[in-house]
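The following pair of complexes shares a single chain, chain A, combined with chain B in the former and chain C in the latter.
Presenting the complex of A and B:
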């Protein structure tokens, strides 16, 4: 039995209680047990510049971790959920990229949940040494008609000058739970980009933090679809610690039926982060009057010499565009799908693997056209 | 020309001059410190109130004891209600002529320019000193049209039916702990009633002055603007500084009926020992308009978020606010709008400046309910940081439950841009003047919404004193 009695995705600064956005309160028992995940979930890499292995190989990890400065910091969906992922996991990948290495081939991790393996509790650690470059693609999906459970954590250490791109795709089925915690330590002159596709699960609670040191850069490009009775609680935090750090949060979504979504995006300029710039934007296309869409874009600032901006917009799909496409012989659902796809495409195009791009586009069509017809 | 343009602009603290002149603390009656049923009964008795109001107060006290303090917002631990005197009656009854007001109290209001403003540009004036209104007057021609402008105590006696029907229905005592406190110990304030179709051409003004140290002010303002009527109401507040903490927990309830328009302007300039935990709310019916203009300059801690409930079709709300937080101040301000009817529109426009360790927070809420299709809302918040000792946060929440909406929100934070200064300097303007121009330009959209006297006052308040080299 997995018991979640917790406050998740707490806002860094609380506000009015009647709006119910300070945290997501859960009190649930999930009839699942933690059991081994007996499937291969990552591809071996034929490259001397990278060592990759299962997180359970403690010896290798400790060897490597002693080399990085492992700063303790609270992160993630909640302390308890991160604790579960870090200390009671059944899967996870540890990847170490050597200094100056440019790994062109994306590191591919796939947690495909099936009848025998319906619980994934994963702990992933990515260490990108000085001036190295790598892309990691993680895919969470359900292969059978099951109610799967996923709770994961990922720590990304980008050493000075390193550039890491992490792509996370979540397309679990409508009976599943998805919890995901991520933290990136972006050292001097390093860059971490986080691309997130949230298309699945009954409930998705995700959390991402970037700690930006001098000259660190970080961007989040996120797309989500909420349909039927799905619930999304998405939290992003750009923590500007160093000078001249740059952040960008761009979130786009589409909400249908009775879906509920809470977006929490924070840009925090800490004292000492002078000459930094942060930007965040969220835009939602709302299809039905039965959806619930909440947005909390926070801008926190204790440094004067910075530039921060946020913008949020929500509204109905553009009627003129819809009419034009329909006049060309497309059905209304197809026209809507095309408009959403056009807005999501810049993010989908960032996925470096063609098969995954196709999967994501198919999934989008399925959510907006096929499920519409069922 | 050798100029270091990255040097900090120094914006002087608001000159409090006249506001800080305190009178000797004289009173005819006051209750003990703290809050008990005995004290609440005593206040009600002194005011000779009807039974229902005494009951209302006691019920509010009960709610007060049950509720906890907000878990969010500024730290108010230092505020100890056991040390606050909730009721201080000045040594005078309410007068209708300044001649009859005791000399020292009259002097205070004269220094604040109230009688002069009344003479020149106001339709009516109410002046509250500590817990009671000491002066109230309305121009005859408006009284002839059926306009009512009086203190709340008189209203409870003379317009009992209206008050009983509306009192604390817009802001119920159960709203939050300090609304409950207000319900229990409220005293003073104004009641305004504008009959159908009456257009009050010049503003009414109430001024609240808290002179007693360690006291609380809990004035209640209730304004009803009937169908098609118009009113501009101005509220001013100030207090001299004492070493003990004072508390202001006022309550403003505004009822804007069909097609009516109410403009509510406030300049809060409390002293820096004041906890300003104020609640303001307007309910707007079909085709009605509420316009808030709100300036927050004073107080140690402010929690002030005027709320507009757009209840009728095509109702409109506009909020224009400026917050200036200096040393030792934590000003947590903002606006809340709830759209509950179709075709409603709202627009929120705020600016904040923080300097010298001050904390300025914009905290907002925008709710569009299932019923409010075709609603529109725009929110714009800008913050200016004048140094890196200060803090500035933007905490907006949007809760959208409808598809037929058009919502835009934007916020910006930053400091005076070097490029802008450089550009102006390249046109032959001195660095000091360039910086001053930029700050004036920053607050200008707000300043122009203020009544002229207030705009002039604000410009005086934000005087620029610039450090830096002259080339």
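Presenting the complex of A and C:
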């Protein structure tokens, strides 16, 4: 039995309680046990510049990690959820990229949950050495009509000058739960970019943190769809520690039926982060009046020589645009789907694998058109 | 009985059309008949209801028909949805085309063509047709891969509308001020595109207050639209009257 009695995705600074955005309070018992995940979930790489393996040899890895990083920091959707992922996992990948290596082929991790393997608790660690470059694609999906459970953690260490892109696609079915915690340590002149596609699950709670040192860069491009009674709680935190660090959070979504979404984006300019720049923006297309959409963009400054920008917008679909598209033969649903797809395309185009781009576009159409007709 | 036979044979019939936008009545009893293959020009002063007529024919929900009827190929259009009209072969070239960032011209047009014809169209086959039409309109090939109308100049947007016209090949094309704001060369190219579309099967309504475009096309009829009604109809010689006298004499 998995019991979640916790406050998830807490804001770094509390706001009025009546706003109801400080955290997501859960008290749930999920009728599942932690059991092994008996499927292959990553592709071996035929490349000497990278070593990749299952996370199970945790002792060696922890020794390895303690050499590269002594910092302890709380992260993730909550301390307990991260503890579950780090210490009671049944899956996960450890990847180490050698100095200066440029790994062109994306590292592909796929958790396809089925009847026998409906629980994924994964702990993933990516170490990108100095001036290396790599892309990691993780796909969480359900293959059977099951109620799956996923709780995962991913730590990314980008050493000076390294560049890492992480693409996370979540398209689990409407009966499933999804919790995901990510932290990137972005050292001097390194860059970590996240691309997040959040299309599935009854409940999706995700958390991304980037710690930026001198000249570090991090961007998050996220797209989400909320339909039916699904809930999303999305939290992002850009922690500017070093000078001249740059961050960007760009979130785009579409909400229909009775879906609920909370977006929390924080840009934190710590003392010493002078000449840093951070921007964040969330825009959501609202299909129905019955949705609930909340956005909490926060700018925290203990340094004054910085530039921060934030914006959140939500709106119904532009009637003139809808008329224009429909005048070319598209039904109202198709036209609305087209507008969402148009807004999501720049993010979908960042997925480096064609088959996954197609899957994401099909899923989008399914969520916005096909499920409409059921 | 005879009258209804006539009505069924007509391509487009507009009878006593009254249209409101918000609280304001714009069209006040407009009548117009159009046969297959004819080119009609509608001219009139600003605010007379020219764009309203275009929008109401296409089915813009902002415009409300309070009285009268639009009959197209024997079907009453009044309450028909916009996309259903498009599927029946009605097309409007917009005065201010919308920008759709994120969808390329090619993908948009191929999807639109498939929606209207309700059958799949092969990518390569479509590319070939698109390339031909773009060449005719002197559009650079790269425009096929650009996002629809995004960052297009005024002239490029109008060419993009005519490109859509040529690809979708509608039976009734309504060109709303397609020639306004265009330089002489662009007007020539647009006219070339419209000529290409003109046929015994295709009818065209040209809404304009210039005669730029008309020099290149031979309209069958010219109508003056003033204060929400057609006040005079005739052949192309009517244009000379407007040139000399304007519309003042037709106002109440």
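The definition used in the following text is that the second predicted complex is superposed on the first by the 366 of 374 C-alpha atoms of A that agree within 3 Å, B and C clash if a C-alpha of one lies under 4 Å from a C-alpha of the other, contacts with A are read in each partner's own complex, and residues count from 1 in each chain.
Just so it is clear, contacts are C-beta pairs under 8 Å (C-beta built on N, C-alpha and C of every residue); 3 or more make two chains touch, one makes a residue touch a chain.
Quick caveat, the model's predicted, so the values are computed rather than measured.
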Room on chain A for both chain B and chain C (clash or fit)
fit
After superposition on the shared chain, which partner residues are touched by A:308: those of chain B (first), chain C (second), both, or neither?
first
Quick one: is A:338 in contact with chain B, with chain C, with both, or with neither? Answer first, second, both or neither.
second
Please work out whether A:292 is in contact with chain B alone, chain C alone, both, or neither, and reply first, second, both or neither.
first
Per the overlay, which chain contacts more chain A residues, chain B or chain C?
B
In the superposed arrangement, which partner chain does A:115 touch: chain B (first), chain C (second), both, or neither?
neither
Centroid geometry (CA): angle chain B/chain A/chain C, rounded to a multiple of 10 degrees:
80
Looking at the overlay, what does A:21 touch: chain B (first), chain C (second), both, or neither?
first
Mind working out whether A:346 is in touch with chain B, chain C, both or neither, as first, second, both or neither?
second
Considering only touches as defined above, state whether A:29 meets chain B (first), chain C (second), both or neither.
neither
Regarding the shared-chain residue A:330, is it in contact with chain B (first), chain C (second), both, or neither?
second
With the two structures laid over each other on chain A, which partner does A:321 touch: chain B (first), chain C (second), both, or neither?
second
On the overlay, how many Å separate the closest CA atoms of chain B and chain C?
15
Shared chain A surface residues [contacts with chain B and with chain C]:
none
Touching residues of chain A toward chain C in the complex: what are they?
318-321, 323-332, 334-335, 338-339, 341-346
Write out the stretch or stretches of chain A touching chain B in their complex.
13-17, 19, 21-22, 269, 271, 274, 284, 286-316
Contact footprint of chain A on chain B as seen in their complex
6, 8, 70-73, 336, 363, 365, 367, 370, 373, 383, 385-388, 390-415
Show me the residue ranges of chain C that touch chain A in the complex, using the header's touch definition.
58-62, 81-83, 85-87, 91-92, 94, 97-98, 100-103, 108, 111-113, 115-116, 147, 164, 168
